[in-house]
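So that you can tell them apart, the chains are marked A, B, C, D and E in the order they are listed, and the count of residues begins at 1 in each.
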Amino acid sequence: MDLATVIGSILGWILMVTAILIGGSSLLGFIDPPSIMVVIGGSCAVIMVAFPFESIKRLPTVCMQTIFTKPSSPLALITTLVEFAEVARRDGILSLEAAASEVDDDFIKRGIQMAVDGTDPELIELIMEAELENQIMRHQQSRGILDGIGKYAPAMGMIGTLIGLVAMLAQMDDPSKIGAGMAVALLTTLYGALIANLIFLPMSDKLALRSKEEVLMKTIIIQGVMSIQSGDNPRIVEQKLHTYLPPTIRDAEAAKAAA
Amino acid sequence: MDLATVIGSILGWILMVTAILIGGSSLLGFIDPPSIMVVIGGSCAVIMVAFPFESIKRLPTVCMQTIFTKPSSPLALITTLVEFAEVARRDGILSLEAAASEVDDDFIKRGIQMAVDGTDPELIELIMEAELENQIMRHQQSRGILDGIGKYAPAMGMIGTLIGLVAMLAQMDDPSKIGAGMAVALLTTLYGALIANLIFLPMSDKLALRSKEEVLMKTIIIQGVMSIQSGDNPRIVEQKLHTYLPPTIRDAEAAKAAA
Amino acid sequence: MDLATVIGSILGWILMVTAILIGGSSLLGFIDPPSIMVVIGGSCAVIMVAFPFESIKRLPTVCMQTIFTKPSSPLALITTLVEFAEVARRDGILSLEAAASEVDDDFIKRGIQMAVDGTDPELIELIMEAELENQIMRHQQSRGILDGIGKYAPAMGMIGTLIGLVAMLAQMDDPSKIGAGMAVALLTTLYGALIANLIFLPMSDKLALRSKEEVLMKTIIIQGVMSIQSGDNPRIVEQKLHTYLPPTIRDAEAAKAAA
Amino acid sequence: MDLATVIGSILGWILMVTAILIGGSSLLGFIDPPSIMVVIGGSCAVIMVAFPFESIKRLPTVCMQTIFTKPSSPLALITTLVEFAEVARRDGILSLEAAASEVDDDFIKRGIQMAVDGTDPELIELIMEAELENQIMRHQQSRGILDGIGKYAPAMGMIGTLIGLVAMLAQMDDPSKIGAGMAVALLTTLYGALIANLIFLPMSDKLALRSKEEVLMKTIIIQGVMSIQSGDNPRIVEQKLHTYLPPTIRDAEAAKAAA
Amino acid sequence: MDLATVIGSILGWILMVTAILIGGSSLLGFIDPPSIMVVIGGSCAVIMVAFPFESIKRLPTVCMQTIFTKPSSPLALITTLVEFAEVARRDGILSLEAAASEVDDDFIKRGIQMAVDGTDPELIELIMEAELENQIMRHQQSRGILDGIGKYAPAMGMIGTLIGLVAMLAQMDDPSKIGAGMAVALLTTLYGALIANLIFLPMSDKLALRSKEEVLMKTIIIQGVMSIQSGDNPRIVEQKLHTYLPPTIRDAEAAKAAA
């Protein structure tokens, strides 16, 4: 579970509410149902035009992905792959079948299985690379709808403010009401900015990073399976895969090995 | 038919009208013929300069494409292609001629026909890839005009507001009319924002996704035809093509197969 | 001649003038020589810093290109190339010399001439591809100056408005003149927006499309010449080149052939 | 140590404070705790949503990297590599083991060690290129969080200003307080702009340049190790590597050699 | 010398000063030392954080490059290279040594020298391509600092205006001073816009074009040297290199040749 997402989200809203209360205003002054309708309703409407139903239905799942993710550990992954390389070298590649079935990562399992089945190395690489590329594309589509809300919510906020301003200016009989009118008009811009900057844009950023991490893991797996399949020396496999680790982790690892 | 586009479009406008009415204004106050003329007329004029006549004539068709699209099902497509691979393996590739003629997708038909005709594999791939690339280019051009309106309509709105402001400020004799003057001046900005954000930009987004879906379908077809042509084992064909499916569909499929 | 450019340009300005007149202002109120000097003069000065003299001298020619262009017909081009392929197949490639000399497209002529001369196919492709790439680069440079004006004119407009505002605010003795002062200050922003959005940015968009059309034509020619040179069957040549046509044209063509 | 970063950072804040004091305001008028809370607190909250904890923990280290960097000298590096090439040519590649162990750059050491070990040249290149690419990716991630703050801090500033404006406009009873209210509302926009433009965005720019320098150094090392490994003439090695130097350094070098 | 840069720069400032004077203001009203300090000083400070000292030291040189450039003539260059090809074909490649030593372009000299020395063609291409790529990278870095000022100067201008507005609004005792206060506050925005749009951004644009011209020249040289080295017929060399010329120059050339 990604606590940072949860804490950050809650903290952000608490700060905004506190800022309003400290400023001596009541929270009620910041809640205007028609404004909420324009910004949230309008964004929903536009999102329905901009994205297919299936993407919209997956929106809650996508948002949840920013909170629930199994942490990825490239180091543990490399250790597993190097062990596999040792087993393959010692007992032959067929002996990997049992070991692989215990891993709970589907991608490794399928890769090792293909190697065990004696599938042509080029075909293994082709299939695994295609899967990686298609996954990247799917991740981009998932993020697309978050970015879409991050783009259209502020636009809806601006449209709401323009509607409010036009309405207020057209009936400017009582100057004492101008302030209140403008306050309400500005609320939609505020809503749009909050929805975009406090919720959807940072979520999209986090998913982008998670996607990159997953790509790194899958890249290591592809490299590892290809190395194992070609019967590389386990030391070479380790050396190849360690290039994917940041120097800090690598040094800690080396220190541990030396100790 | 893409109901989301239709519902979203109608919902968006209903929300905007409701927001105006709830605010206590009359809709009439938001309709100003000269402002409409500047924004819509001006955008049309600029679009005529920016795009060739043929593109402009195709605009209604392009807009309709966001509503009327046959849903694409990669899973059904893969099933069809795997069946073809089985037929080709069992009865020879020539036996595909009849089967292919029943498919109503022109792209598969042409691909299979070339394979049946014994066309050189490299030439088949070249022709099919070229067609895919040219289709991508044509889709981009179709979207180009939607994006163009999404760019120029707000610019025309800003120009209209500037014209209105200059006119109002230059003859500011009666301060009581300032409000009304500014209200009218802001209307063009509102029109520009609505045209861009409620109609054309989300339509362009949807077309972009539809285009990606079609590219995925055509990519699967090319991969499938090439595999069938080279006499691949149907299981390999299936495995290769399944990498294009998201894991959720793949798992559901596997569960069904196991059941 | 590209009528759309001409009609759109005239229509745009008529609409702007009408909008001003309908609003009850006189056109004279929108013409302020010092503001024109700041925006147009300033843009010219900046363009001289940003672009070399030769590019600036070519600006009128570049603008004319958005109006005067020979329409490109990929279908006619393909027909010509397929005919050439038939002649080459029937009477030998040398017999193309006469046919090619009658085409008025220099690029085809040079390509066929090299094929007739027995130039090495790789060299033909190299030379023709290089010419295509260099043409794309030259087109981008031509558009660069249009985009440059589209970028700097609004900036000059903003600078003019700032100068006007500072001048007005600094000597705000007579409040009744504030309106007139702001009106004049806003004029430069209006000028900048008009110059960019009504003239140069849409022209740049049109040139971009024209450039893509020319690239498509030249790509078809290269593909055709290479096919003819390698002695491809005219049917194969046709099939290869038809992938560059949109399906609608292709279907119309097929219907005509069947009729 | 990068003095420019330190001096520039201090200078920037001194200038801002001086500007405030010269304008006759007291610094206290520019410090508003709730505004600071909204902008800094809000940015922290959003950054927690947008980035994983590990990235946030590394933020101080990343910022320090803009100050503490060992200066990179491509010329000294090339001299070292050419010396290695001479040693390898004269005494055999095995004699490099001792020399390499004295260099304090890990990347050269590992490269030379692999060459000495007789590792396959393609594998050496593969491993070193992979390390370079992974380093580029890690640098981009480090900068990502700086850019993230540079993007969200101004957004939080705008949100704070909107909250302040709405609060002020809603309770506009005493017109004399409007000024003070707006002043406070604008403070958050000011904070956001300062945080982004005076701290994080320039830091990100500097890291980008440092990263490019490191990439250049590593590229030279890879090229050098590959050349040494293949037994190139030291003169050729020098000539190849000198192409990475700017002409000014190269000329100075040539002048020195000739002297 | 690039007169356009000089004339444009001077013209731009004359126009701005004239616009101020015509508007009836005194120039002095537009000069405010603290504002200048915030914008220019602040930009310098930020640039020190964002760029290394060496880049900042090279800034005057980089600016001078927009004024002093030797005009590049691809046509003359091609003529020279074709002559070299003729000499090489007639008298052998060794006879080029003397001819090459008379050219004052270092890049041709080194290229021809390597060809004369019998260096491996692939190595010549590698070295020359590397030099070209490294030059492109260095040019981008030079422009980076111009773009950096073009980005940070307006940001500093906005920060200055915010400081001015907050100061003014906080002490709004005397309404008659509001105008003057706002005028001064807006000055920093004006300065930022002038520095970016009248000086550094157009300079960066010009350098980008100059860089492209130099790349074209070097590309022609590489192509020419490779052709000469492989003993191509001078006619083929000419034909290959002429593809880099725009059709207008080529036609003029052909007309001259025919005359």
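Please note the rule applied: contacts are C-beta pairs under 8 Å (C-beta built on N, C-alpha and C of every residue); 3 or more make two chains touch, one makes a residue touch a chain.
It should be emphasised that the depicted structure is a prediction, and the values quoted were computed from it without experimental measurement.
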item: Chains in simultaneous contact with chain B and chain D; value: A
item: Copies chain A and chain C - rotation angle from C-alpha fit, nearest 5 degrees; value: 145
item: Inter-chain centre distance, chain C versus chain D - centres from mean C-alpha coordinates, in Å; value: 40
item: Interchain centroid distance [CA atoms averaged], chain D/chain E, Å; value: 25
item: Sites on chain E at which at least two other chains make contact; value: none
item: Complete ring sequence of chains beginning with chain C, oriented so that chain E follows; value: C, E, D, A, B
item: Chain C contact footprint on chain B (complex, rising order); value: 34, 37-38, 41-42, 44-53, 55-56, 106, 123, 126-127, 130-131, 134, 137-138, 141, 144, 148, 152, 155-156, 158-160, 162-172
item: Chain B contact footprint on chain C (complex, rising order); value: 2-5, 7-9, 11-12, 15-16, 18-20, 22-25, 29-30, 66, 178-180, 182-183, 186-187, 189-190, 193-194, 196-198, 201-203, 205-206, 209-210, 212, 236, 239-240, 243-247
